[in-house]
């Protein structure tokens, strides 16, 4: 590996050197600009007024992304590992649309594929992953993942049963046309969103809606309780010391432990 | 009890053997398909287009459920214990509709009773009950049940009083036609759902609505606080054993401790 | 105080004897029936259909409440203490309406004053106060009361500033006619109720609305955090032992304390 | 610094003397009245009816604020420090509008600048800052600030991706006209506000909306968990001191402990 390649790798793939950090932030800014452009292009008034400017900005960003993509392939020893990685595919998908649009044309389709560029936003997440706070958050969330999934599964079953019930009671008259729609309404209600495009009109339907709402209001406590307990544990440190028994390698000790609770030998001699 | 019956019992009622686990999962899949079918049949466009396919799928599922029901009766020593259990009745109720529909006809009524098949979804819950996470969730919920019921009771009383007040202030003009309806609106508002089909229009009504909303926003903390505290306790249980060191009387030990962390002597001899 | 009066006092004012508990529950049932009656009377269709039955039920309940009121005055040694207590006034206010209505007539006014009977529902709260769970809830709420009030005050200030801003941006065109109305909308939005009767239509208004919503979604954590911490403390008991230093009367000791942390003497000799 | 100036400073800038506290409360009352006036003036019916009274009240308050502003400049040794402080600028901005309005006229603009007076409300916050509860709240919030910002950033990215998706699926037909609008809708939905002015109508759009709602319902647990854990820590601080017994090295002591609870020796000699 030649020295320039090693340097390039350090700048592009790492963030420990000033140059590496500058590269990361520069790419971040370009991504945010490109995302903002896609958003603004979707506003038809803006698109009509500034069609020409959008066109140029489009190609500048495509050029930057293309150069970045090529540099990333050059800078790595085994390019295949990058090309077929998640971020490699995202980078390619967010660069191609402009070229495809240029070759095949077609304004509507063009826009849909250009929105793929938004996938780049995941790279922002990748950078923020370096932040300690975000790592703690992810840890607490991952630990409570299983419990939250079981909870959401229970919520779904409640919605299926309540949705069917509402469909039978309210009927197609007041918007509860079929069971999937009624389940959709149940989710809207249980999560306390409440759009109001569909709302019960019969007394019995309203009674059941009340029960669903109070249920939703009550069980919102469950995911909160799960995550709270997890955060408390993470921050509590009652067991977060680095004592390791020199005899049996047991790692979990109370903070004031003097003897290993597993083999009975002294911990710190 | 003959050997084949013992084997059958093991497969159908238990989930420790590979065969038993396979049977459970297979039934689970059939239940989910049957639930999806009931849902899709309720969409009138789909029902018209695929009437014939629905009819066949209906009878296949009915056949599977009938066979399962018969097998469950055969496989158990005291069939009555199964037949009159909660799941026995649910199984029967979810099998009968198709037969009743076949004999008596009547499309609308037919659908309503076919929805009974959704009750089968409880069997899914029964299976998930094996998951440790779900058991912990239920435990924490059951422990905080009494507190949550008292809380919901207080919420109901607030809604009754506030509903009556809103009915007197807003009157029938803006949708608060009678007290039950006003109470329904109060529940919609306090639980922060807010459909918007009924909304206050007088200044005084809006002032009281604001108070209700802020109350709802504030007291949502109560069930959450209850469940959080319960979860914290449950997860702190790692230290909640009754082991006491017979030598130094130290009481705080990790659940899997074998030696006292204070004096190094064996805990349970 | 004669013996019959003593007995009567025990039945009416206390709940330790079977007779006393029966009296409490009986009154509770009558209150719930009377509340249900007031609710149903407000539904004009029901009132027209069952006018005669409502009239009779009305007078039966009035009679029961009148007898109870007289008994309560007789059974107590110092009647004034009851008559001018909160529950004494509520009892009188919930008995009078029927008599007033009988003497002066006037259907509309009649109903409004009859709704005063709902105040009786507070007596239900009084009975539930005996429940231990409810007592714990009230304790945790009372302890976090000051923090929650400060929080709600901050919420109100946010709503006043954001409401004024929205009024200036959106203007009377889209429903933000004046500042109080805009503040009402802010409260509806911040508490995540979201009726939808008023909604921003300008891009800037929607941007600020987004900020308000995310603020509301984020700061709902504050009251929850307050109450959760309070519940955890109440249930934690890390300091909830009953050790009292025999030398200096200090009451707060760690659970594993052997010497008083205040005077240095041994705790349990 | 002459004696009268010292006294004036004590009254105006401090709140330890009865006079100082009275001055603070008096200004607080005037601010609340002026805020209420601005609110009421925005209601056009009230403005038309009481135009004359509003005009007088306006000038009385302006006079009080002007006098207060002059006194504050006189009472301080280095007036520049007050004039260019946050509250100095707020005080000036909330006094000027009436004078500007008097000189230049223009009813509509006049109102907009008069609303600047609402900035005075921050002074109320300054006074409440003396309250211990509010200080604890701010402390817990500031500590969890970083985590909450990371969380809100993640929420924003979810909304950008989901909003683009909804725009592509629902299209301009049902209100999802452009990406910024769709993102606005996503924020409305994820925060469980749910106005209902825009709502999905296609089955796929409703499916994704359901996922967004359940996500919002589930992740509301995250900020709550963060703040709860912080509050718990803050209230657990009773044990978070760095006292170590010089005799037995015991580290866990109550904050006001003077003797070691483990060996009974004095802690800080």
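Of note:
Labels A, B, C and D are assigned to the chains in the order they are written; within every chain, residues are numbered from 1.
As a working rule, contacts are C-beta pairs under 8 Å (C-beta built on N, C-alpha and C of every residue); 3 or more make two chains touch, one makes a residue touch a chain.
Treat the numbers as computed from the prediction; the structure is a model and nothing was measured.
By count of C-beta pairs in contact, A-B exceeds the other of the chain pairs B-C and A-B. Averaging Cα atoms per chain gives one point for each, and the point farthest from that of subunit D is the centre of B.
On residue numbers, the A-D interface is repeated by C-D, which shares over half of its contact pairs, out of the options B-D, A-C or C-D.
Note: centroid distance subunit A to subunit B, computed from Cα atoms, is 28 Å.
The mean-CA centres of subunit B and subunit D are about 40 angstrom from one another, to the nearest whole unit.
In subunit A, the residues that reach two or more other chains under the touch definition are 151, 180, 192-196, 216, 220, 224-226, 228, 230, 232, 256. Contact residues of subunit D toward subunit B in the complex are 192-196, 224, 228, 232. For subunit B in complex with subunit A, the touching residues are 35, 38-40, 42-44, 112, 115, 118, 121, 124-125, 128, 131, 133-134, 136-137, 140-141, 148, 151-152, 155-156, 180-181, 184, 187-188, 190-197, 216, 220, 223-228, 230-232, 234-235, 238-239, 252-254, 256-266. For subunit C in complex with subunit D, the touching residues are 146-147, 150-151, 153-154, 157, 160-161, 164, 167-168, 177-180, 183, 189, 192-196, 199, 203, 206-207, 209-210, 213-214, 216-218, 220-222, 224-226, 228-229, 232-233, 238-239, 252-254, 256-266.
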